[in-house]
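In the two assemblies presented below, subunit A is common to both, partnered first by subunit B and then by subunit C.
== the complex of A and B ==
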């Protein structure tokens, strides 16, 4: 006969098993398999041939991979930093009562619920050099003939702008929820003690918002690194290879050139980079140091 | 009461067992058939399947179609998982990869009612099947879509510009083509309203098919057919890529940024006056704009060069690992050789069956140009790395047509990448 404590432990294990199994089968196992395949030459159909670290060696000497890595890094920093700043600013703005607040939140949230494919097609039309809305606007200011999606100097920005617009609302809502959970007493006490709004924000709100901010920072960074659809639908990685982001490089190598081993090696590199960034962010936010 | 229940239970059990047996007895043989998505072709295939199933009532064909861009990916992953279709379409440019991966079966002449492969080949126009033949063995049941690229033009745009319609059979020179393109281009207040000439700038195979015939006219090759070595930095390739850059920046007849989604769609809506297109684009254009007045002229030729055009095709293939291989060949033969009229009338796909090309001209006068261009056509280069090489070329073309950069330098870089792709 099991004791109450043993029964409790047994039941908790039983309840946890499905989640662990799901995580193991659908997350951990694919990562292990990707790593295994990254050590092989494989064209999807034939039997994989073990080639050691050759795929990694080929990757780091490939100008295409290095270019993709650089493009992705630029895209990530160009996207996420404005997203964090704007989302936080808008969340602070919405963290007070005013007329029509819910309607404004809904309007801000709207781009997030639009399908990404539709969003990309819409922006492609907006950017059109002859018929696009943006062209009409830039024309008014005397900037004529701007080829947003075909100018290598502008194209990355042209992908970043719609992404900020689309991703920002979701982050804003998360931050708004975080702001809402901060007890009013803290800020009111600080104000009574003579702190101005900026000091209240900096010394009270921001530290208390840290766990939520950390979540937003990590999730938005990971999703920015995984960008695929806008680059595939709006530019196909062009002009030249100006927007050939890493996921596009992986897709092309894996499914079009059938270099699955190389694609897996690139995926592992992306995984390691994301891991490193996430750990760095955890450290930066002092995760685990608190009491 | 109890015995009544027993009898009832016995009856039910007997009925279930009998039904089960009848299911086993009448279980149909299933064939899986995949094509790339194209609405008219889907409709035609459904009709053919219906006819075949009527002829063979014990056969059930599970038909599926996948969007064009994802088709090959799905095919490869299905084969990787061991669930590849029994019969399917592929393009000549992926055939070498498929052959290397043991995904295609050698032709079964008996399915066509002939004794040998040689006899089977006589059913088709000379050279039509050569892209699917390796070391003397043929791997197709027939061509579903035989294409060359000629130039479609919008007659209304020609009238508006006061230009006479070009010849339907005699090609103009590249210089004349450019001049025409300039006259047809419409730019108002620094804003492009209509391009004189546009191409399919986004897709690697299309860029390759556009560049390659011009390179061949100049005596070069994109990829050496003997050695498989890319020739992206050859004078001929540089000349042609320079021409594409000049069309954008010097002559301003074209602008990849102007093409909204598909160059032929832009053509149908009057945003482009001349486009490179295949015979199937007739149906596509008329589908978008039924009242459009379309003309077709031959693929232009460089001054003093021989006439060379491109050729590519999609073909019926049979999975060599099919559990119903013989039946699969029977169906492929039925679809490939007995419905030329249906394919042409409803889909505008040409099947190059011998002696039937002239009938196409009778049915559609615009075909005159394509038939003339077919005479000078050569299949695109063959390589197991086709897509990678075509993609490198596309990137180079995209780079030089997005900014007035040095073409030679870009092509030298592209050549290095191409050599890396083929492992040299």
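== the complex of A and C ==
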């Protein structure tokens, strides 16, 4: 017979077992597998053959992979930097009481509610070279025959624009919540001391917003690196390889060419980059310095 | 006084302009969903349908079987939400109020899995699901999404804040741990549970890469796959494509409008893991 305390402890353990088993099986085991497979040559049917670091060697000498890496980096920073700036600006603008505030937030938020697949399909139509709305607008301004999705110089921007449009509101709302939690007394006091709005923003609001900013920066960067749906639905990586982003590279090599080992090696590189990036950002924002 | 009014007017002009810009693509989607084919493929380009054609919304169900994809998406998302809420609340309760040793280690273990991006594990996950014999079944869509580290984290943070006295009082009355969880803890979790439900539902509704890999038979495909198929099969039927897009956006829009406040609070804690 178990005592009451023992029973209680037993149930607590039973409650957490599904979670531990789940994350072990569906998160930790696969990442170990990714690493293990990245050291093998495997086409899904054959027996995996150990080839050491050859997959990584092949990756770093393959112009396709280097291209994918560059395209992804451009896409990520081309998206997230404007997103941060616009989201912060809009959040500051919204950080006050005014009539219709809830309605305005809802309108700004609308693109984020639309599912990503729909969003990509919609923008494909907006970009259409003869019947797209955006093409009509650019024609109006004298830019004739812009082919957003067929021009290798424009196509990356054509993927970045809808992404900024869709992701900005989600980040704005988080930043707005962060701004709202800064006590008004702080900014009031500084203003009484004669500091102008810009200085108040730079010296008081920004430092206090740091944890929220850090969260937004890390999460938006990590999710931007995982871009797949837009590249798959809007361009299939084209024209040429101008939008063959890393997740698409992984998908194509793994599931179309059945180069599972190579695809896993590319996955590991992506994983390392994301890890390094999160750590770098944590440092950059001075985490751990102030205790 | 006058200066203040001018500033106010400028403020509203700016935010209204921004609101128009951000909603423009969605408004166009709705407008195009009511056009006839020749209105979209015609010059000059129209923004408003010259003649409203509601029949588009009938055609997508009779010609394209949209309801099949729609029902699949609803079923999968509903199951995923139920599993997520149940297991995350259980684990969160255990991690927040449990008395066993190693509790912190388990918590950090789960927290660290937040660092594992989905794209990186997609190949082993496919192999695992294949070996389990789940390819082309609902299991493939539901089980790997049945929990997220973020969900556990959210629940744990919320439950830590619940007062211990409250739980102790029930224990003194001889309430068993299981009953305590279901009849006292769960009701207190309502705000956090609804936030998690919304986040999980919307995240799952959007899921594209995983169904693309794990489902190949038509009858199990979810809405994103259905729309992708629509694009390749009926690429030029834009008016129908747009009506289908509107219909697949509606559930999220509905949730969003009804639970706006909670949605935004929930999104404030959105993680990048899908």
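Definition applied: the second predicted complex is superposed on the first by the 265 of 291 C-alpha atoms of A that agree within 3 Å, B and C clash if a C-alpha of one lies under 4 Å from a C-alpha of the other, contacts with A are read in each partner's own complex, and residues count from 1 in each chain.
Quick note on the criterion: a contact is a pair of C-beta atoms (placed from the backbone, for glycine too) under 8 Å apart; a residue touches a chain by one contact, two chains touch by 3 or more.
This structure is a prediction, so every number in the text was calculated from the model and none was measured.
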Next on the checklist: Taking the superposition on A as described, I'd like to know which of subunit B and subunit C A:147 touches: first, second, both or neither.
Outcome noted: first
Next on the checklist: Quick check on the superposed pair: does A:258 touch subunit B, subunit C, both, or neither? Answer first, second, both or neither.
Outcome noted: first
Checklist entry - Counting only touches as set out at the top, which of subunit B and subunit C does A:62 meet: first, second, both, neither? => result first
Checklist entry - Touching A:2 in the superposition: subunit B (first), subunit C (second), both, neither? => result neither
Checklist entry - After superposition on the shared chain, which partner residues are touched by A:239: those of subunit B (first), subunit C (second), both, or neither? => result first
Checklist entry - So, does A:46 touch the first partner subunit B, the second partner subunit C, both, or neither? => result first
Checklist entry - Is A:198 touching the first partner subunit B, the second partner subunit C, both, or neither of them? => result neither
Item to check | Partner chain(s) touched by A:125 [first = subunit B, second = subunit C, both, neither] | outcome: both
Next on the checklist: For the overlaid complexes, name the partner, subunit B or subunit C, with more touching residues on subunit A.
Outcome noted: C
Checklist entry - Following superposition on chain A, which residues of subunit A contact subunit B and also contact subunit C? => result 44, 121, 124-125, 131, 255
Item to check | Footprint of subunit A on subunit B - complex, ascending | outcome: 72-73, 76-77, 79-80, 97, 100-103, 190-193, 202, 255-258, 260-261, 385, 387-388, 391, 394-396, 398-399, 401-403, 417, 420-421
Checklist entry - Can you name the residues of subunit C that touch subunit A in the complex? => result 11-12, 14-15, 18-19, 22-23, 25-26, 28-29, 32, 40-42, 44-45, 47, 87-88, 90-91, 93-95, 97-100, 106, 109-110, 113, 115-128, 143-144, 146-147, 149, 152, 171, 176-178, 181, 202, 205-206, 208-209, 212-213, 223-224, 227-228, 231, 238, 241-242, 245, 248-249, 252-253, 256-257, 260, 264-265, 267-268, 270-272
Next on the checklist: Looking at the complex, which residues from subunit A come into contact with subunit B?
Outcome noted: 43-46, 62-64, 121, 124-125, 128-131, 135, 139, 144-145, 147-152, 236-242, 244, 252, 255-258
Item to check | Contacting residues of subunit A [partner subunit C, same complex] | outcome: 4-5, 7-9, 11-13, 15-16, 18-20, 22-23, 25-31, 33-34, 37, 44, 90, 93-94, 98, 102, 104-119, 121-126, 131-133, 136, 162, 165, 168-170, 173-174, 177, 219-220, 222-223, 225-226, 228-229, 232-233, 246-247, 250-251, 254-255, 260, 263-264, 267-268, 270-271, 274-275, 278
